[in-house]
Amino acid sequence: MPKLAYLGPEGTFTEEALRILAPEADRLPSANVSAALDAARRGEADGAVVPLENSLEGAITTTLDELAWGDPLLITAELLLPVEFSLLVRKNTTMAQIKRVFTHPAAITQCRGFTARELPDAMVIAAPSTAAAAQEVALPGSPYDAAIAARIAGEHYGLVELAANIGDRADTVTRFVRVSRPGSMPEPTGSDRTSLVAFLNDDHPGALLEMLTEFSVRGVNLTRIESRPTGDGIGRYFFHFDFEGHVADARVGEALSGLHRICTDVRFLGSYPRADRFFPQIKRGMADADFAEAEGWLARIRGGQA
Amino acid sequence: MPKLAYLGPEGTFTEEALRILAPEADRLPSANVSAALDAARRGEADGAVVPLENSLEGAITTTLDELAWGDPLLITAELLLPVEFSLLVRKNTTMAQIKRVFTHPAAITQCRGFTARELPDAMVIAAPSTAAAAQEVALPGSPYDAAIAARIAGEHYGLVELAANIGDRADTVTRFVRVSRPGSMPEPTGSDRTSLVAFLNDDHPGALLEMLTEFSVRGVNLTRIESRPTGDGIGRYFFHFDFEGHVADARVGEALSGLHRICTDVRFLGSYPRADRFFPQIKRGMADADFAEAEGWLARIRGGQA
Amino acid sequence: MPKLAYLGPEGTFTEEALRILAPEADRLPSANVSAALDAARRGEADGAVVPLENSLEGAITTTLDELAWGDPLLITAELLLPVEFSLLVRKNTTMAQIKRVFTHPAAITQCRGFTARELPDAMVIAAPSTAAAAQEVALPGSPYDAAIAARIAGEHYGLVELAANIGDRADTVTRFVRVSRPGSMPEPTGSDRTSLVAFLNDDHPGALLEMLTEFSVRGVNLTRIESRPTGDGIGRYFFHFDFEGHVADARVGEALSGLHRICTDVRFLGSYPRADRFFPQIKRGMADADFAEAEGWLARIRGGQA
Amino acid sequence: MPKLAYLGPEGTFTEEALRILAPEADRLPSANVSAALDAARRGEADGAVVPLENSLEGAITTTLDELAWGDPLLITAELLLPVEFSLLVRKNTTMAQIKRVFTHPAAITQCRGFTARELPDAMVIAAPSTAAAAQEVALPGSPYDAAIAARIAGEHYGLVELAANIGDRADTVTRFVRVSRPGSMPEPTGSDRTSLVAFLNDDHPGALLEMLTEFSVRGVNLTRIESRPTGDGIGRYFFHFDFEGHVADARVGEALSGLHRICTDVRFLGSYPRADRFFPQIKRGMADADFAEAEGWLARIRGGQA
């Protein structure tokens, strides 16, 4: 039974993601993303589950930077988890009694409509995480009357769900990934995603265009691009890419090799099944069979045939 | 005398930036980036100064999203400010007495080397901002012994600088921008930057490559690209671009028009002098004179000449 | 009534093309393409009709080079003429009597199947043109028994058509153009073609790709590209381009300006209605209205609006 | 001792080229380019020497089309031969006696300055080839007084060189190639050229740009591009490409494979040493060692390493 570290404490959305990704796993809550990933790196856990991006807030930059700079880890699975906030209170608390609401700043932003409408007179105070907010509210003497958090947090800390799905947008989603130490990789499924980090030789004009051309010329579609500072001054960036396909696919392999040749460094972050089960149309000439056929032809002409 | 809102409270790096960008201005501290920008939008201030990106932490996403979605504002100036952290204490506090350090999480990260080396036994606690940390430490009964903050914060709140420039990297820089309500714009200087936000018609494969080609074909070099979620689900992004040149430059104008034609929406965020005073080499054929000459030629051939 | 020079003598396919392009015109046969174009240049004729390319033989390089290097002329119309060869004889000649066939080398090639099958024992001799062959055969004491030429040549020189449409491929077509001295141009019709010649600043790697990108980025589709030697040594070429659209179209105008800026010289060869009446789909964002809208937007942001 | 067919008769520039390319070879003059290539195909000769392009006249389309459509042959060498025309006469003929000059039409064009200046009253008559003109003039009862041809033709047919190097441009050059039946290929030298023919899947807009991108993305520079009609109507072309490098080079091999995948058909026409001995700079990341290094890296990440 694998043990997986995750962004804790108990009751976070990350725990919810972990329970779906690996229902059978032992769970090791960690204080933050770095700690969860370090647990996986050091072997205290067999892997970790961390958030990568949110459809409202964008990239979780800590995760991006940890995957780029820390000891290597490979993404082996992803999950798209709807972010459904619940209003959680101690037993017997009523709406009218709520004066102080405790929650994570992102939740403050995302539930602004609900709190303005239903709790116009309540103060909303920032907590380090939604789960921590629930944990705090669960304490008998807490100065807070309610937490906004995942339902799972209420279950953990014995709170009552007074209102469900209170976010302003019903369709907010967070993308979580499961990572492991290098050594193995999921098999290709035809609906895969590959992630990597690319560092430029130098930041010459057109370098980004060149990188994108390495993908497009092999019919490999990008699904995400993030620039991150290298730390060497404003104007110096490296790039996170997600794209369609598996490193075992011929077109992906050639694109990666091409990128590797024009970059200072490319860090492979894994190939894994897509959470959305989307099977992309492969562009004409870009299937494995097309590459194999072209290789055979090349071998023949290199042998002096016409 | 203009009045400029800024990310407060008094003593922030943003105040330091504002003092350099507009030494003569009246200063209006605001609770957060949104509030500072709103003060400018509503006319409570003549403009605002806010951080845009940091060479270690990356983009200030609140600023990016405010400029993209809020009522329009134009960037009229930028500043690159070295981030120099100071260890600030109440008068008579010695290093040995420091048990609890209060500061912003970014400063916790960036001064980890110093605290580990010089204050190995101290606890470091997260504050909402470095200036707020200094403000708190300045209170006589504060539970904290020291703040890590800008020197200016010490001056504001009457603290003593026990150590200067304690960041792990000496070269950390934050880029600040001054924004105003639309209506006027700095003149071209030959060393200018232009910022904009582009929303895609649809997120088809290759759309990003198409956008970059609109720039490259006119010899316009990008200096920054950031993707941000549109809020409509994972995989849906819009883009912030910074690039060389001024909207009054022919090549920049044509690139912007081209981008406008292939995007759902392009929001212009301003053209302004570069903080680094770098004068880029204009690619052959891309100077204003080249555009004017080509326009003349086009008019002639449209008139039936060969 | 206009007078048009053409590649003579009477009875050529070019005369046939001229009769269709300008039924009412006076016709001035010229000894060769250069002479026909010179007649137009010097005002001896109001224009000229010359062949530009053939679907089997390719470009008529004399025409290409004359249009590129000679005094400027503008193409004002094009025609696609099926090339239908006839076997022409003097009255009373029978198939069995044909021992020597006279015709242009291109016709020798293109009628090889017919002559092998129907005239296996006849000699086929090269003539300067198909019309000249017919002219020769029409002489009473001619050593040749038959000519392969256009039916119109038989009519001119009083020959009998013994067999019609004897080419190996029924679908061979020659493209003819009508040219005039600069000064006016056909109006856009929505189904137009534009021709030009582009000389490179230098023949650096990627120059051709850059030129093609000037077209593609404005959604202008090429229909023909020919490289021709500049005369300055092997490896030095200039290029003929035909593409969809009219110079009056915004997208075409901008593409031409772009090309003009990156080339040493661009010679405009005219915009004229397509012979095939094909109305191309205009790529999204590339219609005149899109350009006008973008221009308006650019003017607004240059005026300081966001 | 190999036997090589060539474009005859004896005394052509092609013979001169053959003598330089293969001094030791037996020579088999052929009536035309097709006959020379057929002799090589059928084994009557071990190979053939034919002209490919001329710096004034452009491509020799017969050669291009034969290489594209006939039974496959591979180019194994190339030669750049200065085209130096001589005025050749029978013994004792003086300039003043020359009334009729016989030569190939290309020579008529290229020596126009000389004939206008030195022989203003002479007629210049078109011959099938310069060597044939010399052959004819050598006949005692010839109606022609002089031939313009290669000096070698004078040697062959016993004519006297009355004037040397009489072309208008001193730098005219013809590129000849030696071809053989497939089966072997010259080794890479670092200064190589590769030739091929590419047929498009369909003639969609942008297809040419896609083909060029296959080269440019691997840093392979084109040195020549020719479009030729497929025969299937105006607007349907296939392409001849010459480019830097040898098919054994990794970057060339990958570019060829890429082209093969996006085209209906690619016919390889050979890799051979450049006549100009130019050693091109290999673009960063495109040397064989870079490809090998990238392949090794790809193998490692496919094996589950990061």
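Order of writing sets the labels: A, B, C and D. Residues in every chain begin at 1.
Note that a contact is a pair of C-beta atoms (placed from the backbone, for glycine too) under 8 Å apart; a residue touches a chain by one contact, two chains touch by 3 or more.
None of these values were measured; they are calculated from a predicted model.
Using the contact threshold fixed earlier, the set of chains in contact with both chain B and chain D is A, C. Separation between the centroids of chain C and chain D, computed from CA atoms only, is 26 Å. The distance from the centre of chain A to the centre of chain C, with each centre set as the mean of the Cα atoms, comes to 59 Å. As a whole-number value, the distance joining the C-alpha centres of chain B and chain C reads 58 Å.
Under the contact definition stated at the top, the residues of chain C that touch 2 or more other chains are 213. Pairs of chains meeting the touch criterion: A-B, A-D, B-C, C-D. Residues of chain A that touch chain D in their complex: 72-74, 182-185, 201, 213-214, 217-218, 247-248, 253-254, 256-258, 260-262, 266-270, 284-286, 290-291, 293-295, 297-298, 301-302, 304-306. Per the touch definition, chain D reaches chain C in the complex via residues 53-58, 61, 80, 126, 128, 169, 171-173, 175, 205-206, 208-209, 212-213, 216, 221-229, 231-237.
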